[in-house]
Structure formats: C-alpha cells, structure tokens
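Alright, structures below, take your time with them.
Note that chain A is present in both complexes that follow, paired respectively with chain B and with chain C.
Presenting the complex of A and B:
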C-alpha cells in the first residue's frame, strides 16, 4: 500500500521497477519481510553499495533508494 | 589432483548448473558427474512474484566449491560488480570472469576481460578468466596473477568441440597455472580430446544439460575426462604413415 512520510510518497527503485514502501518498512530487514523472501539466499545492493547480511536490521531504506536484490541461478 | 589457487580437487570436470530440464535432473546429473566445482550465475530475484523459487534448491551447495560467473557483463566494471555480489553471499571466493563482447558468437572481450581480471585479483579473488584461445592473451592473464586460464574450445553452447587444437595446445604447454578448456564441448570425445591435449580440466554445461539423457551424459563426461587425463599421463604413441605389426613377424607357423 502506497504510504507517505512527511507528505512524500515513499517509493524505491527495486530491481529496475518503482516499488512503494509500506509504512512499517524502515530497514532492509523490513523490506525483506515485506517482500516475503528468504534472506539467506539473497544478496542486496543499496545505492550501488553491497550491504552485508549482518547489517540488514540497521540499514535504513529511504524514498528514492535504488535497491537490487539478486540471487544465484543456474549458469555455466 | 587439480590445484587452483591453493585448493585441490579430485575431479577435473567442472560442471555448469544452467539449462537442465528440471531440478531433479540437474541434481542427479551433478551427482553423476562427481564434480567438485559448480558454476552458476548471479541474477535479479523475481521479487515481484508471489513466491520465489530457488533454482539451486535441489543442490547441497555445501558439498561443492562454487564458481560464480560474471555472465551478463559486457564491461570490466559490470563483471567486477557481479563478482563482488557473488562473494557477498559468503559462499565463494573464486570467480569465472566472463565478459562477452559479441552477442551472436558470445566470444569474450579480451580487453575488458583483462581489466576485470586485474581488478578482481587486486581485490583478493581467485580468478579464472574465460578467454579465447589466444596464447598471448593467456600469457597476459597469467602474468596478472590469474589462478587458471579457461580458453574456449568453440563458441559457448555450440557443441562444436575443439576447433583449434593447435592453439589450445600452445596455451596448455606455456602456462604454469592450470588450463581448463571451457565452452564448446559437445561430446565425451571432445572432453577426452581436451584432456589428451594436456588440459588440466574441462568446464562444460550444455553438453550435459541439453543431452537427451543428462544424467547418463554427466557420467560419460566424468569417464571421458578421466580417460583423457590417464591417456595424457600415459603418453600416446607417435603417429606413423605405415603399419607396424603388433604380433611377432618371425616364427610364423605354416603347414
């Protein structure tokens, strides 16, 4: 659900698409929860910086952030 | 034993994890190959899907050394980024540098490959570049500190086998780091041939994944790599123009 903070729409660029942040989504950990994904199998880059898995809880997500969530797939 | 960047591997077959008909076949083929090293790629998770699927879920990755590739990269910068994303998984410190310069042939861009390799070596990776069969490029990559050189036998996924054994053998003879023939292998004969040329290993994916029976082909490739290696170590006979009898030419009994 689209939310505002201080009158501003909270939206990030997630894997190349605009994505609205839920009101309770404050950190990368929250974002993972919102997306319902298994954090053990993903790697996250925020604004071109790889974020260490141990820091998801205390890394804030802000409107306008560019977030890439990747994982391993089959390849040769 | 195959030795890369201080690690040793009993198997000289490196196997890709892409393009199998299903997860179960992939898992059984990996098992049958008895490989120690699996390659895979880094891609966006489909975060917008209702449920995410893990394409490697059937594999117990803890049993293998993982060799992520930088497939998808067209520049050194893109390759370095993909390598760092892969390493951030905490599951690997090796990387197959793959920087494609031509979409039709999937041939590697030599300049970008060299630049990416240099950066990743500085960054502490164990670097295995996918390269063409150019000896001088291989030398440059080795001089940079690459831990293995992986020349193509023929274009990726083409199954054309070894098109230029002479060029490959020049590389094999001159490198001190392992040479792993990567890409283009189509049949067990190709894999055995690569090993007979003296390659330290073979990396393949399509030849197994797209075979009619991938599991059986994985076993065939395992045996081919072993046979080729044994043949290389045993030292083949010289080719001669005319026949040489295998049986004694004297003492022939006649009625």
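Presenting the complex of A and C:
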C-alpha cells in the first residue's frame, strides 16, 4: 500500500523497482530496518552517491529517490 | 583436441589469442560447495590450464541438490569434496591440470596454497575466510572474486589489487554472519548466476580484457526479480589495514582458533596438531568397542551424542555440538 505524507504519495525507486515508503520510514536507517537487512553488511547508494554507514540515521529518504542497496551475504 | 574450444575461440573477445592465454593461467578455487563446483566446471571446460581445488569438507546427501560435480556414490563414500570434484573434472577435460587439496585454509597455509594463482576464486561460505583471502590477495597482488548466495539472493564483487577497494575497505570489520544456506536454504539458479558472473569476470581477467570488467558491486534476487549494482570506487581507503599504504594484513597475521563453531551448523571444528594416522585411530576406536568407517582421507565414528569425523590432515569435526568448551572435553576423551 502506498502511503501519503502531506497528501503526496511516497515512493522511491529501490533496486530498479518502485517501492512504496511506509509512513514511519524517514531515514535510510528506517529503510534497512524495514527491509530486515543487517546494517553492518550493507552498501547504500542514494541518487548515485554512496552514503557513509555512519550517516544512515540522519540521512532522510525522500519521495522520488533512486536507492540501490547491496548487502553482503556469506553463503556459497 | 582442435575442436574442443572452437565455439569459445569463435567468440571474438576471446579468440585464439585469448584461448592460448587461458591455457597458461592458474585459478585457485577456495571452497567446493555449490559455487565452487559450478565455477570449477566452467573453468575446466573453458580450458584454463591449471585449476586448483581446495576444500576441507566431504560430500553429504544435502549437497546433491545443487553441488553439480557430486554423485550419490560420492555421498555414500563420504569422499572429500576436492577429491570427488577432481575425479569428475578429469573426465570432463583431461587436457588441463587439476590439483585437489583436502585442507582447511588458514592464515598459516594460505600463502603456500595460492602461490601459483593468477586469480583466486572465492567459493567459500563465511566472512572470516574471505577476509583472509582478501589479505593474502592484497599482499601477493592477486585478483580475487567474491561470490556468495543464500535463498534466491546472490552477490559478487571483483577485487583488483592496487586498483579497486578491497573487501576490508567495504566492510571495515568482520561481520557476524546471520543468514546461511543451512538456515534460509538456497536454490540452485541463484548459485549458477553468481558463478556465471564470477567466471565471466575471470575469463576477462585471464585473457587481458580488463576494459570489459564489470567494475561494480552486484546483487540480485531471482525470486523477487530485483537487481542492483553500485560503483564502489569512492570507498577505497588509503589507510585500509588490508590494502592501504601501510597495510598490516590483520587477518593473515592473526592466530587461528583451535576450536571453532562452524557457522549455521551444529558442528565444532577442531584444528589438530599436524597429520593424523587414521589406521591407528581406527584401532583405538575399535578397542573402545565402537564402530567406525574409514576411507583414505577421513575416519568417522559415532558416540552417544556426537558424530565425529577425523581427517588425515589433522582436523576433526564434532557434529551435534555447537559449544567449543563442550567440544574440548569430547576431543580430550577420544584424541588425547
């Protein structure tokens, strides 16, 4: 379900697909929590710029953002 | 012989020149699970001149769903994976050199194991060994290719010494491993896609086609139809302890633990003190009135609580035990 913030549909482009943002998803930290990904193994690019891991808490996610997330796994 | 590589030679970016170069190169594959068997088969069929296969484990029934070089017979005989893989690959292509090494890769032996390598193929299953590969690759200036998968998700990254960020640049520290193939499962197509990316990058590197390298950190999820690529060039750290200007190779210079719980498995691995005489061990076990099963590489026996596998290289696996302290007691009972 798409949600609205101030009457506007909140949606980002995540890994090449449209992704509706939940009301409570304000920052990159919130986003990876919602995706259930472990923060210490993730690389995030927001609008073609890699965001430092220490800044996820205070980096806002805006409607229309293009976000790429790659997380490391160990199996093989 | 002349026909064998004809379709690959007809592929223009490789051609006869590329094929000749492949015949001169050595790839060391660390880990012969799903990823390792997939890339080993492709590299041997492609005519890479020397392929070294390293794995510490033996074939089990749960491997057969995706580890493409193994058969039911290998699982029944509990053949070491490196040995079983070599047997199959020699049937596939007898014109290349294939070496099988049944050893646990550690800080102590890894420099010797990769001494010949033009490229190291990562097909392991945990972060600790990859950090070790990353250190040795940086130190010896050998390119290596990270590959990993779990469930329907896969990812890969090509590390070029002195050029790209290394794994340590990207992760900063050794992460806890949360998801494994044992806990979340794995489907074979995810394996095949990761291996295909890894092998393609290998073919480019070995034939000198560096301009064609992908140059991104890549991930995909085949089930949810997602794919992502990130250019991580900006993450290269000049002060990286593994690849920076004053590198100290912290994982290569660390001390290996003696008792290690294998990730996602109810098993503790004990690193022994050198090679073990399996015949003598078998006699000792039988003297206790217990049954055992032995092949040239390992001996297996069962206690009331554990299944114990002792390898000729000195290692021991204690299955049915996740606590290293308990494992120490079990070890002391049977091996001291």
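Points to keep in mind about this one:
Heads up, the rule we're going with is that the second predicted complex is superposed on the first by the 69 of 76 C-alpha atoms of A that agree within 3 Å, B and C clash if a C-alpha of one lies under 4 Å from a C-alpha of the other, contacts with A are read in each partner's own complex, and residues count from 1 in each chain.
Everything below uses one rule, namely that contacts are C-beta pairs under 8 Å (C-beta built on N, C-alpha and C of every residue); 3 or more make two chains touch, one makes a residue touch a chain.
Just so it is clear, the model here is predicted, and its values are computed rather than measured.
Comparing chain B with chain C, more residues of chain A are touched by B.
Contacts of A:35 after superposition: chain B is touched, whereas chain C is not reached. By the touch criterion stated above, A:22 is placed in contact with neither chain B nor chain C. Annotation: chain A residues 14-17, 38, 41, 43, 45, 50, 53, 68-76 touch chain B in one complex and chain C in the other. Taken together, the chain A residues at the contact with chain B in this complex read 14-17, 19, 35-38, 41-43, 45, 50, 52-53, 68-76. Interface of chain A with chain C (complex): residues 14-17, 38, 40-41, 43, 45, 50, 53, 68-76.
Across the complex, chain B meets chain A through its residues 16-20, 26, 39-45, 47-48, 51-52, 54-56, 68-69, 71, 84-86, 88-90, 156-157, 183, 203-206, 209. Taken together, the chain C residues at the contact with chain A in this complex read 31, 33-36, 122-127, 130, 147-150, 153, 155, 170-173, 175-181, 186, 191, 194, 217-219, 225-232, 234-235, 263.
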